[in-house]
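Okay, so chain A shows up in both of these, paired with chain B first and chain C after.
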Partner chain A sequence: MAMTEKLVTTCPEVTTGWNRRKEAVELGAETAEAARDWWSEELRVSEIALRNAPKSYPSWYHRKWTVSRMIRTMGRESETVRMTLERERALCSRLLDADDRNFHCWAYRRFIVQSLGVTTEEELEYTLKKIEDNFSNYSAWHQRSAILDARGDVDSATLKGEFELASNAFYTEPEDQSAWMYHRWLIARARALKIPDERDAAIASALEICREVAELEPGCKWPLLARASLEDEKSRRDVLDRLSSIDPARVGYYRDVA
Partner chain B sequence: MSAAKEFELPSMPTLCVDEHCAFVARASESADTLEHALTEHLRLSGIYWGVCAVYTLGRLDRTFDRAKKEEILSYVDSCRNENGSYGGGVGHDGHVLYTLSAVQIYALFDELSRIDVEAVVGFLSSMQLSNGSFQGDHWGEIDTRFTYCALSALRLLGRLDAVDVDKACAYINSCKNFDGGFGAEPGGESHAGQVFTCVGALAIGGRLDYVDGDLLGWWLAERQVKVGGLNGRPEKLPDVCYSWWVLSSLSVLGKTHWIDRAALARFILKCQDEKSGGISDRPDDEPDVYHTFFGIAGLALMGHPAVVEPIDPVFALPKSVLRRMGIELSGTGKG
Partner chain C sequence: MPSTSASAIEDLAATARELHRDAFARNGSAEPLRGDAHAEYLRGGLGALPQVFVSLDASRAWMAYWCVHGLAVLGRVLDDEVRTRVVGFLDACVDARRGGFGGGPGQMGHLATTYAATAALVTIGGDDAREVIARADVKRFLMSLKEKETGGFRVHEGGEADARGCYAAMASAHMCGCLDNDVRSGVGAYVSRCQTYEGGIGGEPGGEAHGGYTYCGLAACALAGDFGTLDLENLERWLVNRQGEIEGGFSGRTNKLVDGCYSFWQGGCFPLLRRANDVMLLQFMERSKMTVGGRTVVGSDDLGLEARVLGACAATMFTSGAFESSSTPAAFSSGALQGWILDCCQSDNGAGGLRDKPGTGRDHYHTCYCLSGLSLAQHHGRCGLVEVVGPAESNALVEIEPLVNVVKHKYETWMRALT
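Moving on to the complex of A and B:
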């Protein structure tokens, strides 16, 4: 184990090294002595590896494998497992404070909170905090959309709040694409609303805000892009023409959607 | 103006074909360097990148003579494990990732007869799980990259029938996100590299109808940043490798004209080491075989005249290799 520790902490991408550790754990589990507290070592070693290489696929997987095995062998209700899961959740928060776009850590965090049975509301609260810390945190916007989607149909009251959140972001940082991409998804969800009045009201209010941002930020392409999907046929063409001139790299796109 | 015409303009840097071939040849010789030791676990992928790069430049035989070619193939042979899988290097455990690299290398050298097809097919099909996903090896890591690797390798071997393709594609669909992109697992954030593997797998599985082409095409087009290069996720730095991951996906969707191809080509060419050869992630960084291949492959998709062998956006192999294998080429719209 000392040899593999050296290998995986110096060169964490070597999957074979992690595999030897997994084999040793499985073999060791047959004797009661070695089976006691086998997980601490695996969590310690993978943490060293992740400190050096926070984006190492095999290190993250080793950690997930370790925690999964704890759950499988000891049960989710075991005190040790719950304490470990809580510690892991705290570790994820620390790592996401250091790099809020690390998608490996976001994925691992999803696994941990799912194992803990954390509520949807609590998770939405976490994404809100991460978004408010940094409006450019696309990973958090993504996570928020995934939670809302998994919860089922996004209703008009929820949509209203989400439109507000996106607007707050692009009033502050109009050039940041994260909130605008989320906004495009909100428009699609608004169009899917079943009650026509609610749908029309949501679209009309989104359009009004985009027109306002476009006036405040005449050189910014994002409010125009949103308007292109909301305006009537004639205004839409004008908007796409303006987009072609301020964002010539994507003129092919603007022509195709016209 | 199309990118192909732009390549003739005096303002466009030249692709340093000779230097890049020399760079790949040197990389395949330098067994005693530290870099070589640190990358031993993915040697098979490294060989695929290097061999495919010189192949697309029309220099396969000039870069690797008969003896060198045999040396490479024997090395690949020796990475084979008992269960039919291939490890990234000799003595490394087998994995879906490197099993595809091995098949690709044999395909490039027209040496598919060295493969024990039944053993490889047996390994790959045993990696599919009941929900349609693929694990990378028996330790259970699941990732849509592995679905692509398995489907691509099986298609190259003419044995897609060995797995449940519909279920595999449905699993990929369950990894689709609000932005039209795909993640490594359900709920995983979209990433351009992951998008390539998911779009590629769906193309191989005949289920591109799962893709929202307008939404995903737009998200991919927004990967282009001011300097012309492409990034892998919003608000990230550009990197030459995304020239391939993004452009190949756009190519499958028939939408490469949704970005400024000439600006991208210029960015890639600026990342060349014009003296010693090789392409790096960003201008003035250290080149490596990975970025060299993906830079050249990106230029291939844009019709660069010096990349004489057109490349297929789904299999990441030269079209002539696929034709030789009797594989129907991916329909790629007007892009």
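Moving on to the complex of A and C:
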């Protein structure tokens, strides 16, 4: 184990090393007591590996494997598991403070908060803080969509709040694409609303805001791009014409979709 | 420190603008490609591939591919001695027990390095290169990593499954001649689940769209001849918006900095999308027995294709180029992409090797994918036409096959001999 530790912490891409460790854990973790020591050892080693190389696929996978084993063996309600998951959440926060776009870490965080049963609101709060730190951080916007989707259908009240959050970003920095990308998810969820009146109202108000931002920022392509998927056929053509003139690098694309 | 603040994006655009302006002032166009210097740098990478001995470095099979492929794109020929040594090295990377290739001699088989080793062997070509590949072993290796429930592939024994795994499996199977229904089943559905509302493809369901996964997912579907429920329109919309209007290159994710290697990962999706649309149109016509030019389309034989569309490997028709006839420009700006690679990604002060972006160091990975991206911008910016930015004598590159990122004529020679 000492040898593989040295191996995986210096060369985390050597998958043989991680596999040896997995085999040893499977063999050694016969009793619950013994298993606990093995698992904490795996968490310690993979943390060193991640500190050295925070984007290494095998290290992240080994960590997820370890935590999944713990959950499967001891159950989510076990105090040890709960404490481990809390520590994992804190580790994710630390790593995301160092690099807020590390998608491995965001994916692992989704797994952890889901296992921990963190409420949607609490995790939304976290992503809001990350967005306030740096609202170009699209990964944090994306996390909102992922955790809201995980809860199930998104209701119109929630959508209203999210549209407002995105709109605030549009008015502050219309050229920043992160909120505009999140807006596409909002539109998709608005279209999925079951009550026709709510659906139509949500889409209409979204379109209204896009028109307004487009008017305020005539040289900005993002509100026009959003309008291109919301307007009726005739206005859509006008919008695509305007896009072609302010964004000539993509005329080929605008012609294709017209 | 936020990794991508709005100001970092502005700074890079300003740097790129200046480099473009300088290049234009000097050359009246983009920078000439310093092919000799890049070739020397890549040859150095092959020289560093040591004789066959066991080491911990898990990327040596990749190193062989990056250098062999980069040199082929530059139109350079390998010395016999180097050629033989690389073939011997790749042979030593075979994991005889499991059936695939590891990252180096004595290492466990991995899907990614199986793709890299196979693509390097296809590029090298010849009987000795062919002999390294044992088709039945590769098939056994792929099937041992296939997840029957999801259609996806684990990247190695006991490892994670993602869109990379799908691509490496499809491309290796295709080039080794074992891409059958066992291998391909469920791939379209798996990749479709990884597409996000952004339009691009993420590593796993719920993940953020990413250029590397997007290429892998789309190319895997193309090779499998199964696009599942992929929304190709939304995919194209995401892709075109990854190209920076000032820099000219592509970023890998929403609101990230432009990076040279995505010239291939994102740029390579455009020719695949165009062909995907053709395949889907033809499949639709097949189903509905539509008529083309007054003739009822029964099978693709009617259209002069090599294989029937339905039930045949779509990759065959993909590479036949049967549908690429109009000379309309692609949805991305080929000229801007070439300008980015030439002006911003070549090393400073005339040194060989290409890089992520100005201010970063060169490496073999970026050299390989910048050159691949430059080739595809030249050959796929406009269907049926080659458009080279800058002086053609120095800048024109050999055409690549975007499905597998191997030089096209070498790929075709290899596939013809594969029966």
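Rule of thumb we're sticking to: the second predicted complex is superposed on the first by the 247 of 258 C-alpha atoms of A that agree within 3 Å, B and C clash if a C-alpha of one lies under 4 Å from a C-alpha of the other, contacts with A are read in each partner's own complex, and residues count from 1 in each chain.
The criterion applied here is as follows: a contact is a pair of C-beta atoms (placed from the backbone, for glycine too) under 8 Å apart; a residue touches a chain by one contact, two chains touch by 3 or more.
All figures in this text were calculated on a predicted structure; none of them were measured in a lab.
K.L.:
For the three-chain model obtained by superposing on chain A, do chain B and chain C clash or fit?
P.N.:
By the criteria stated at the top, chain C and chain B clash after superposition.
K.L.:
Under the stated touch criterion, which partner chain does A:L7 make contact with: chain B (first), chain C (second), both, or neither?
P.N.:
So A:L7 only meets chain C here.
K.L.:
Go through the superposed model and pick first if A:A146 touches only chain B, second if only chain C, both, or neither.
P.N.:
Both partners.
K.L.:
When the two structures are overlaid on chain A, which partner does A:K22 contact: first (chain B), second (chain C), both, or neither?
P.N.:
Both: A:K22 reaches chain B and chain C.
K.L.:
Quick one: is A:P218 in contact with chain B, with chain C, with both, or with neither? Answer first, second, both or neither.
P.N.:
After superposition on chain A, A:P218 lies in contact with neither partner.
K.L.:
Counting only touches as set out at the top, which of chain B and chain C does A:D99 meet: first, second, both, neither?
P.N.:
second
K.L.:
Who wins on chain A residues touched, chain B or chain C?
P.N.:
C
K.L.:
Taking the contacts chain A makes with chain B in one complex and with chain C in the other, which residues are shared?
P.N.:
In chain A, positions 11, 13-16, 19, 22, 57, 61, 101, 103, 106-107, 110, 136, 138-139, 142, 145-146, 149-150, 176-178, 181, 184-185, 249-250, 252-253, 256-257 sit in both the chain B and chain C interfaces.
K.L.:
Using the touch rule from the top, collect the residues of chain A that touch chain B in their complex.
P.N.:
Those residues of chain A that touch chain B are 11, 13-16, 19, 22, 57, 61, 64-65, 101, 103, 106-107, 110, 136, 138-139, 142-143, 145-146, 149-150, 176-178, 181-182, 184-185, 248-250, 252-253, 256-257.
K.L.:
Which bits of chain A are touching chain C when the two form their complex?
P.N.:
Result: residues 7, 10-11, 13-16, 18-19, 22, 57-58, 61, 98-101, 103, 106-107, 110, 133-134, 136-139, 142, 145-146, 149-150, 173, 175-178, 181, 184-185, 188, 225, 247, 249-250, 252-253, 256-257 of chain A touch chain C.
K.L.:
Flag every residue of chain C that touches chain A in the complex, lowest number first.
P.N.:
1-6, 9, 56-59, 103, 107-108, 110, 155-160, 196-198, 202-204, 206-208, 210, 233, 236-237, 240-241, 243, 245, 253-256, 328-333, 336
K.L.:
Please give the residue numbers of chain B that touch chain A in the complex, ascending.
P.N.:
38, 41-42, 87-88, 91-93, 95, 137, 139-141, 143, 177-179, 183-185, 187-191, 214-215, 217-219, 221-222, 224, 233-236, 255, 257-260, 263
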